[in-house]
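Shared between the two complexes below is chain A, which pairs with chain B and chain C, respectively.
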Partner chain A sequence: MNRIHALGTGIWQIPLLILLAGLVVPHLLSSGFHLRLASIVCIYTILCVGFNLLYGYAGQISMGQQGFFALGAYAYALLTQAGWPFYAALPASLLVCAGVTLVIGVPLLRLRSHYLAMASLCFGLIFAGVASRWIDVTGGTAGMMVPSLKVAGHLVSRTELYYGLVVIAVAVLLLQNFIVGTHLGRVLYSLRGDETAAESLGVNVTAYKLRVFVLSSVLAGLAGVGFALVSRQVNPSFGEFPILVTILTVSVVGGLGTRYGALLGAIVVVLAPQGLTAFGDLETLLYGVCLLLFLLFMPHGLSGFLRALCLRLFRPAAAKPAPRLKVSP
Partner chain B sequence: MEQIGVILLAGLTNGSVYGLVGLSISLIYGTNRVINFAQGEFVMLGVMSAILFMVTCALPLLPAIAAVLGVVLVAALALEFGVYQPLLRRGAPPLTIMIGTLAAAIIATGAALLVWGPLQLYVPNVLPLEAMRVGPLITNPQQIAIIVVFAALLALTWFLLYRTRFGLCIRATGVNARVALLMGIRSRRIVRFGFLFSALISGIVGLLVGPLLGGQVGMGVTLTVKGFMAAILGGLGSPFAAAAGGVLIALVEALVAGYGSSLYAEPIIFALILMILFFRPYGLLGDFEAGRH
Partner chain C sequence: MNNPIDLRSRAAHPHGETRRRPAWPFAALVLAGAVLAQPAWAKDAIKVCFVDDRSGAAADTGIQSYNGFQLALAEVNAAGGIAGHPVEAVAYDGKTDPQLTATFASRCAEDDGALAIVGGNPAAPAAAMIPIATEYEIPYLMLSAGTDNLTDAPAPFHFRVGPRNSQDANAIAGLVSTQGFKRVAIINNSLPFGTDSAHAALAALKAKNIEVVAQQTYDINATDLAPQVSTLRNAKPDVVLVFPYAADGARVLRTLQQLGMQTPRIVARSALLSTLRDLAGAASDGVLIPNTVDIHRDDVKRLFEAYKARFGAEQPTMYPVLGYDAAKLVFKALAEPKVLAALDDGELAAARVALRDAIVANGHYAGLQGRTGATYQFSESQRHGPPDDNWFVFVQVTGNGKQLVDADLAAFTPTP
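Then we have the complex of A and B:
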């Protein structure tokens, strides 16, 4: 615990600050469009915390997270269409995500590195393909409308929806901090380091890989439901390549294997294109160049950069007992 | 009989394209354990620069082909010096370098978007596209050229890898780059050769496939994904397994499209690959790699 406090990043202090900041934000915004952007930041945070736990901490890359994102959204849309209320449809769609992950996860997690990446990408592609072609159920490329959220007879406004998303995103961050700060986090680190060594130390490798995979896809599904509610529709683009590129970009820009990388990355990745649209045709090019520059010059993302900055600024003051600071990669 | 002939021929043509992209990906992977997400962009650059040199600049055929291959080779060098080397120097793991090549693919698409715009363009054909009969089959010279080039490049790669000293160096680097370096093999050069050779193959693919697919700056991603699937299905460790995987994917795709519905061809292929990976985690022919883990 000493080490954690020395860094000033306890499990709950920073998420509390984020919660307060998130609750203040709507009062500073003028238009509904900005509120939408803020909601999307929360959604990407939830999505990428899941990816970060899976790849950043446990070292298991999945390029099928966009598939689970879309799966959650579609499950929710179909269940609401069938007349389910929100409080039943949400857990049910998360259960669907967890169930599908369990079924494909057992064989999938036998694969390693590139093979795992490609097999999970296969899953994402199958899902996007089916979603755009099975027109009777999914509505094809046009997708489906998702009715506005009603809880106990009260029609939830966009601002209230945003508050809900902020609370969920902070809860997800807390969950992540809890996992990373306890023995579970050590287990995940050990999976990333060397599976054989982890196994010889008594870690049930298969079980933990499956657990973190299920958790991350449930978080992806949760983010998908959020996105469906904010967009008030679902369509096959939820499960397509650009979402995967966004997940990777958020994680790289924010910093893989860091606690607040997902949030920082989401803020930058959502807000930066708003500035980039001014460049018109140059947008795609600049997006790629920025991603590359981040990979090259901030290998630990914004989070690692800020941490290094803080250490440089505050280290002289905290130099007395100088607990060894282990900067996680 | 007529129908199955046409279907198989179409499958073989597409299979040659997927197979060559898979072969390129596997060649690079064999030298440095990096999956090149920008491989399809090389094909895209080949197609688009063919338009530039043959239509816009109206160069004669041979200089135009040389110029196209030149563009692709420069792009390969840019990828190596701009993305691979710097990331390697900073000690990035292979999966991070893979994300780097994804960034390179986005950059290539973005740059191509500036030059050629987002519209589908007409691509000039090197060979005539008129229908001709070969025995019972109806085909055209372009299709035959793709299949012949596929066979020729496979033979060339095999010769290079298994009948030359240089090929021995490549294979040694593939087995263990560090030990190869200690044995006096300049593995950096091998890696550079991998990038250049695979870009050259992709450029040739671009020249041939352009008239069939049409030229659009976003075409690279699909080809990359198909190439990957080919390499993963066959086994990343061997270029020939990857090429075989490509042919298999395209044949299944053509058969599903021909006898079932083309709508579901892609999901069915991916589902098949997923199932095969469950039983053969290192690809159909991937025993070599399995032994290394």
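Then we have the complex of A and C:
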């Protein structure tokens, strides 16, 4: 059982393996296109870990994560355009995300369930609307170009950018593991279970909800900056429905409330459309059918499926259920 | 079932079972025939990518443009390809998702080894492909994405084949002025196409000193548009301009009809799509639409006859022509000696640069858009192809939304 325990709850082991695998990946890829896919996997992992902490662990559903994703990207683009260097623009963008979340979070987090979802969705819609209509500042539909990343005079290559994203994605997974494995994680579980009960046990519900909301939006902003650097552009589509749909799909496919669901979901959601192009016009239909099958047969996503598989494979013989005895009449 | 040449037939087995006749000799024959039937190309295929939205909200535009692209492809291959090279299309459906579209564009540039990318009807996916074209230095011919500033930033490998929103707006404002309308009402959806177009129309009308008495914006998914249309009606305009997508445009026209507004209407290019007119039915009759295809040109007629023969009947609109013209622009440039020399040397990057230069050099290409004699106007400093003059042709909807005919401008005047 110790092996099973280590497999499911180890803070360091699996992220370390992911880091090693991530660092090896560029040596196995044949083109920059593949590197772009790997970079997007890292970005969606960062984005969806934030959503997982907020919804999967704390039970607070936000449909406005794409708004924070775009906010981080736009803040970074505007700051770099204003001449800020990367090392200043990045933390400042994340601070902008945190500040906006604090401002809107206090009233929003008084709401629960679908009311919170609707209110946060409104934030996403408003942001996308502002981004496409405030043409003088945001460039409107065409968006803004983001210059290639320069650090200390060195022009960062695509591969180096990918390595940076891998390290950040693994750090985010570690952060999630740390949160989930500590007192804070248990508080989040209690929020998901019953806020009133949590409050009666002395949990400052509002404060914790606000903290996890801010953390998830900062992670969304971080992912947005990463996406701006990979795309070398920001445009209003960063804050629109396709991103939200991707977040939800990653959650369904990977598994909500699991430690590595965001990574597994991101891998499938980024790679599947590329593999399905071979089916031509049937591609969209097949993609939809696959998602339905995930929902029907893997309600806990790939993460839940793999966990069940590991439990079955590594279950000690003694732990197997005893065969039923036939009772003679 | 016992016909011996039917490969699906099963001969009766002595013991009542059935056994399959060996099908491989026939299959081998078919395969050999198929191989022999292929034209024997002397050289490797040249790949051109088509990345557009063939599902999602803008599917109609992507499908029609791809059909036009395929007609041009069939023509060039039937004529022997380009200096012995067959041309091969690699097509991806971006599903109106900008991030997916950009990823497909990078796949075209890296994995597929394409020489050029064609596509981009909605603005957001089109915008997402521009940095890819710049980064990989691959010519990208954008289709009907109309946002004005898409071609403003320096992007040396990016070309726009379709008109931009301000050109539609100027054409509409010109018509409104010529026909003597004085009080204009505008209604547009909240998507980038709607807001950008309305923005451009306001500027164009202001430049002609024409008063805008009301402007309303609605969400594309709104089912009840009566509040917005009532506001327009109360402003008593003498003409209504509509900037919608397909389905919501039909709702606007039906609501205008239901609320008894007989005011002359001009609807943006989205009404060229049959989806809008089919949904609106009789409510779309009489509507004027700016088109960039002159239906009286013989070459345009020939294209749409070929389109009908291969894909079914389609009204003569800009979308198939955009795909066709973009493909023709690329093929003409591919035939330039510098491009072919780079290809023969296996220098893909050099071939792309030479192709970009050749598109610029052939910048005054006479395609099927515009009136007779109009040409594109690409140059080193001009990546927006359509000129401002002699490009737009207004068509009118008739026959319960089924047909597009010449606009009857004599009758399209303010109601007394």
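FYI, the second predicted complex is superposed on the first by the 307 of 329 C-alpha atoms of A that agree within 3 Å, B and C clash if a C-alpha of one lies under 4 Å from a C-alpha of the other, contacts with A are read in each partner's own complex, and residues count from 1 in each chain.
Basically, a residue touches a chain if its C-beta (ideal position, glycine included) is under 8 Å from a C-beta of that chain, and two chains touch if they have at least 3 such contacts.
In this text, all values refer to a predicted model and were calculated from it rather than measured experimentally.
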item: Clash-or-fit label for the pair chain B, chain C on chain A; value: clash
item: Contacts of A:129 with chain B and chain C, given as first, second, both or neither; value: both
item: Which of chain B and chain C A:33 touches, first, second, both or neither; value: second
item: Partner chain in contact with A:243 - chain B first, chain C second, else both or neither; value: second
item: Touched partner set for A:232, first chain B, second chain C, both or neither; value: second
item: Touching partner for A:193 - first (chain B), second (chain C), both, neither; value: neither
item: Touched partner set for A:142, first chain B, second chain C, both or neither; value: second
item: Which of chain B and chain C A:283 touches, first, second, both or neither; value: both
item: Partner chain(s) touched by A:111 [first = chain B, second = chain C, both, neither]; value: first
item: Shared chain A surface residues [contacts with chain B and with chain C]; value: 129, 133, 281, 283-284
item: Touch list for chain B against partner chain A, complex; value: 29, 35, 82-83, 86-87, 90, 92, 94-96, 98-100, 102-111, 113-114, 221, 225, 228-229, 232, 236, 263-264, 266-267, 270-271, 273-274, 277-278, 281-283, 293
item: Chain C-touching residues of chain A, taken from the complex the two chains share; value: 30-34, 36-37, 40, 129, 132-133, 135, 139-143, 145, 227, 231-233, 235-237, 240, 242-243, 246, 273-274, 277, 281, 283-284
item: Residues of chain A defined as touching chain B within the complex; value: 61, 104, 107-108, 110-115, 117-119, 121-123, 125-126, 129-130, 133, 241, 245, 248, 252, 281-289, 291-292, 295-296, 299
item: Footprint of chain A on chain C - complex, ascending; value: 54-55, 92-93, 95-100, 102-104, 106-107, 109-111, 123-125, 127-128, 130-131, 134-135, 147, 149-150, 152-153, 190, 192, 195-196, 199
